[in-house]
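Following: one structure in structure tokens, then a few remarks.
Going by the order they are written in, the chains are A, B, C, D, E and F; count residues from 1 in each one.
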Amino acid sequence: MTRGFYIGRFQPYHEGHHAMVKQIAEDVDELVLGIGSADDSHTTRNPFTAGERIMMITKCLVELDIVTYVVPIEDLERNSVWVSHVQSISPDFDVAYSNNPLVIQLFREAGVEVHQSPMFRREVLEGAEVRDRMVSDGDWETLVPDPVAEVVDEIGGIERMQMISETDANGG
Amino acid sequence: MTRGFYIGRFQPYHEGHHAMVKQIAEDVDELVLGIGSADDSHTTRNPFTAGERIMMITKCLVELDIVTYVVPIEDLERNSVWVSHVQSISPDFDVAYSNNPLVIQLFREAGVEVHQSPMFRREVLEGAEVRDRMVSDGDWETLVPDPVAEVVDEIGGIERMQMISETDANGG
Amino acid sequence: MTRGFYIGRFQPYHEGHHAMVKQIAEDVDELVLGIGSADDSHTTRNPFTAGERIMMITKCLVELDIVTYVVPIEDLERNSVWVSHVQSISPDFDVAYSNNPLVIQLFREAGVEVHQSPMFRREVLEGAEVRDRMVSDGDWETLVPDPVAEVVDEIGGIERMQMISETDANGG
Amino acid sequence: MTRGFYIGRFQPYHEGHHAMVKQIAEDVDELVLGIGSADDSHTTRNPFTAGERIMMITKCLVELDIVTYVVPIEDLERNSVWVSHVQSISPDFDVAYSNNPLVIQLFREAGVEVHQSPMFRREVLEGAEVRDRMVSDGDWETLVPDPVAEVVDEIGGIERMQMISETDANGG
Amino acid sequence: MTRGFYIGRFQPYHEGHHAMVKQIAEDVDELVLGIGSADDSHTTRNPFTAGERIMMITKCLVELDIVTYVVPIEDLERNSVWVSHVQSISPDFDVAYSNNPLVIQLFREAGVEVHQSPMFRREVLEGAEVRDRMVSDGDWETLVPDPVAEVVDEIGGIERMQMISETDANGG
Amino acid sequence: MTRGFYIGRFQPYHEGHHAMVKQIAEDVDELVLGIGSADDSHTTRNPFTAGERIMMITKCLVELDIVTYVVPIEDLERNSVWVSHVQSISPDFDVAYSNNPLVIQLFREAGVEVHQSPMFRREVLEGAEVRDRMVSDGDWETLVPDPVAEVVDEIGGIERMQMISETDANGG
């Protein structure tokens, strides 16, 4: 039995993430999705709460034929213990998947096998792109799976993002 | 659609918890299990990591006919914001279940509907009882669902608890 | 102009505190009341939030003929920087008042003048005594100024304390 | 009885803030001034300590005919619990006042009534403007109430800001 | 080249610690002494600051013919990442030495070689014994190396401990 | 006996630092080197762990004829208590040395004597310069003492820095 671990911030979970999950699902028997920066929300870069992201992801994973775990990972602001932190919060895993160079480096230094997918540049761009379109009333719905769009609507996500984008200071 | 939230430390997840989960499952369509004190482990009171507890619980929930979410909740050491913290990490829920008087009080003050089950005394006693039997090589296996015993064995949980019980100080 | 600083947890603010404040008011022109453990609440030892304690104290100070400041002080869990922490949160002060030996020692080591009042034993006992009577439906009202009793009633303080006293664990 | 809550960083408290306070004072019976980022100081953006800001504000409020509370609010770096945090540190309030879009959004999501004043752009610009003039020996005194200028002088605030502006790194 | 790591709280560094250091010095080429709970001080259990403990230890190690490092280790309050935390703060080491069962268990689970010395019971008792004698004006000087007694005298350590022992609450 | 305190991040310890240490060594009998931002690592600005920096520095100090202490100082993110924090972690010192304006200001406000060296601009530029050359495969070895280059090689420091420089986000 092989269990994989895929970490991302998923702000929001989009088609790029979903494609990568489907690809990983071919290699492993079980998959843990770690939601990074779980304690952050209501910022331009991290608009959605961990609970909202769990909803998005879980609804998208229903169609997959694989056992999945969705685990929020709070930041510790201390890179040197990050791998231990992840390992203690997550079910045990055999291989990690990431396109983030820092994450790859940290797993490697800790002796964890880590796989990189070829779509790194594209994924990062899409992440910022989705949020930009949300703020500017562009077409973001086509970049995310349908259940994600539904969650965003339910929670008033677009209004939240547009308000947040007007400020970058807490308390003025 | 009704979603319930049941919070516990699940150190470990035992038959008392499992009975309560099955009972709640009759009232709700979806159930969130919040793992409290998720950041604590390797202590007499909290021997298992969040990852280990996720494994225990997920394996036991397979048999249930209900959508479940298992969400680790780190302590914030600040009771006054605890409900907000839980609500931001968890999928949205309509009703909370707990037998812990502090938890009940905090939810009530925040205006969240909370249900109490009748087996409070018994459950608390069982929690400490399971851990005591683990330390003293007593019969703990009969107090937990089979998958929990398997996880405890796999991770060397009994040896860990017996070592920990010899100390109460970090660094001597 | 002399400004004094008087630190306490004020859980709740009682007649012992109030007598000490009146006594200090004869020595100084302005008085800062520092509310210790401001981030703690909903525990047996610290039942009331900082906001609730500010209300209790402010209403009692109205009758005094002295400029007062009421400042919540969050715990840093690090005794060696505690005095600096207090000095940065509080208006500048010339002399500190306390009956707590640790507080006195920390101020002394930092070179701050600190005065001790003669009623130490009595005050500590009263603090626990008021809370005990609240939990056991005893006569606590006579131990606190009237505005404190009103605040406790308004917020449902007795019910909260009685609930909290039934538990000592978060999440069971 | 209506109690209002007005949050700002007040770095420093200037004529824009003071005008808004006077305007709010016409709507409410009591007013809480929450000092945001209370734990931050000695930075370009947050030069003054909470204690220094309490002094500035309290001296300016003396002339007002309204009961006021000045409450330092430490950052929790977690937007999702920020409203609960504020509510636990502050006396209970009925309506919040802010021109900061994030603050408005957080209060709205928590169901708190929040009023926005029309002078947002101007206020933000003034905040940075006052600090810029302090650093460049410009005319900042005319932008703040007299008691604020006195506090800044007493604590050597201009020298502090000019030193801080030379660095943006702790420890080189 | 072999480097060893010996962790303790060293409150204070006493003859039991010193004997163990000399014994370890026969096995390794270099030795790291990790000062646990470095951020704690001015409590009955942890009376001395990290800086004071560094002074005590460094003065005692002068006589040893071995390269030593003395490294304060702050608590993270999270056992699952403790070994990673230690490894990132300390020079790299090949073997750890401890008599604390929790420490031993944590190092073992992380795959670090750990050696236990035979004098565990005695050492723990001595730790508490030294502090008890300090508080009760007993003969503690014979239990510690001379340089430790000198440091304790210089900093007024006995007066501090006797004051602290009178309280167990911050702020009364 | 005079003891000096020199604080820096030492990312990495380079010839500019080393020259300053040698210069300070002429004024004092003992020298404490405080490693700032000790808890930070694996970032573009702070690539090396505290343990790695202790190794670099200790190996370079061997040649000096002066008693030295190397003390990691974790960030508290609270400038107002920073001096107290440093004083509690470090052996007692009489004079501080720094070229960082914020550090100088904080020590001055706390009444600590602080000396500034004339090479400030050069040192800051060198710090960034060394890291830039490491990332771009330039000649960084000539900017650091030999033992530092050895440590960087041993730990795979160049590969780490080049990986890290490709990202500025944890978790994508």
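FYI, a contact is a pair of C-beta atoms (placed from the backbone, for glycine too) under 8 Å apart; a residue touches a chain by one contact, two chains touch by 3 or more.
Chain by chain, the UniProt names read as follows: A, B, C, D, E, F = Nicotinamide-nucleotide adenylyltransferase.
Please read these numbers as outputs of a predicted model, since none were measured by experiment.
**Student:** Among the other chains, which touch subunit B and subunit E together?
**Tutor:** For subunit B paired with subunit E, the chains in contact with each are A, C, in label order.
**Student:** Along touching chains only, what is the step distance from subunit C to subunit E?
**Tutor:** Contact-graph shortest path, subunit C to subunit E, evaluates to 1.
**Student:** Give the pair among B-E, C-D or C-F whose set of contact pairs overlaps with that of A-D by over half, matching residues by number.
**Tutor:** Repeat interface, by the over-half criterion: B-E.
**Student:** Pick out whichever of the two, A-F or A-E, is joined by more C-beta pairs in contact.
**Tutor:** Comparing A-E with A-F, the pair joined by more C-beta contacts is A-F.
**Student:** Rounded to a whole Å, what is the gap between the Cα centroids of subunit D and subunit F?
**Tutor:** Centre-to-centre distance between subunit D and subunit F: 35 Å.
**Student:** Just how far, in Å, is the C-alpha centre of subunit C from the one of subunit A?
**Tutor:** So the centroids are 45 Å from each other.
**Student:** What is the distance, in whole Å, between the centres of subunit E and subunit F, each centre taken as the mean of its C-alpha atoms?
**Tutor:** 26
**Student:** Quick check: what residues of subunit F touch more than one other chain, meaning two or more?
**Tutor:** If we look for residues of subunit F contacting two or more partner chains, we find 41, 49, 78, 80, 87-88.
**Student:** Following the definition at the start, I'd like every touching pair of chains, please.
**Tutor:** A-B, A-D, A-E, A-F, B-C, B-D, B-E, C-D, C-E, C-F, D-F, E-F
**Student:** Could you list, by residue number, the parts of subunit A that touch subunit D in their complex?
**Tutor:** Residues in contact with subunit D: 39-43, 49, 160, 163-164, 166-167, 169-172.
**Student:** Quick one: which bits of subunit E touch subunit B in the complex? Just the residue numbers, please.
**Tutor:** These residues of subunit E touch subunit B: 7-9, 34, 36-37, 73, 75, 77-80, 82, 98-106, 109, 123-124, 127.
**Student:** Mind pulling up the subunit C residues that touch subunit D in the complex?
**Tutor:** 38, 41, 49-51, 54-55, 58, 69-72, 74, 87-92
**Student:** What residues on subunit C touch subunit F, complex-wise?
**Tutor:** Subunit C reaches subunit F through residues 76, 78, 80-81, 83-85, 87-88.
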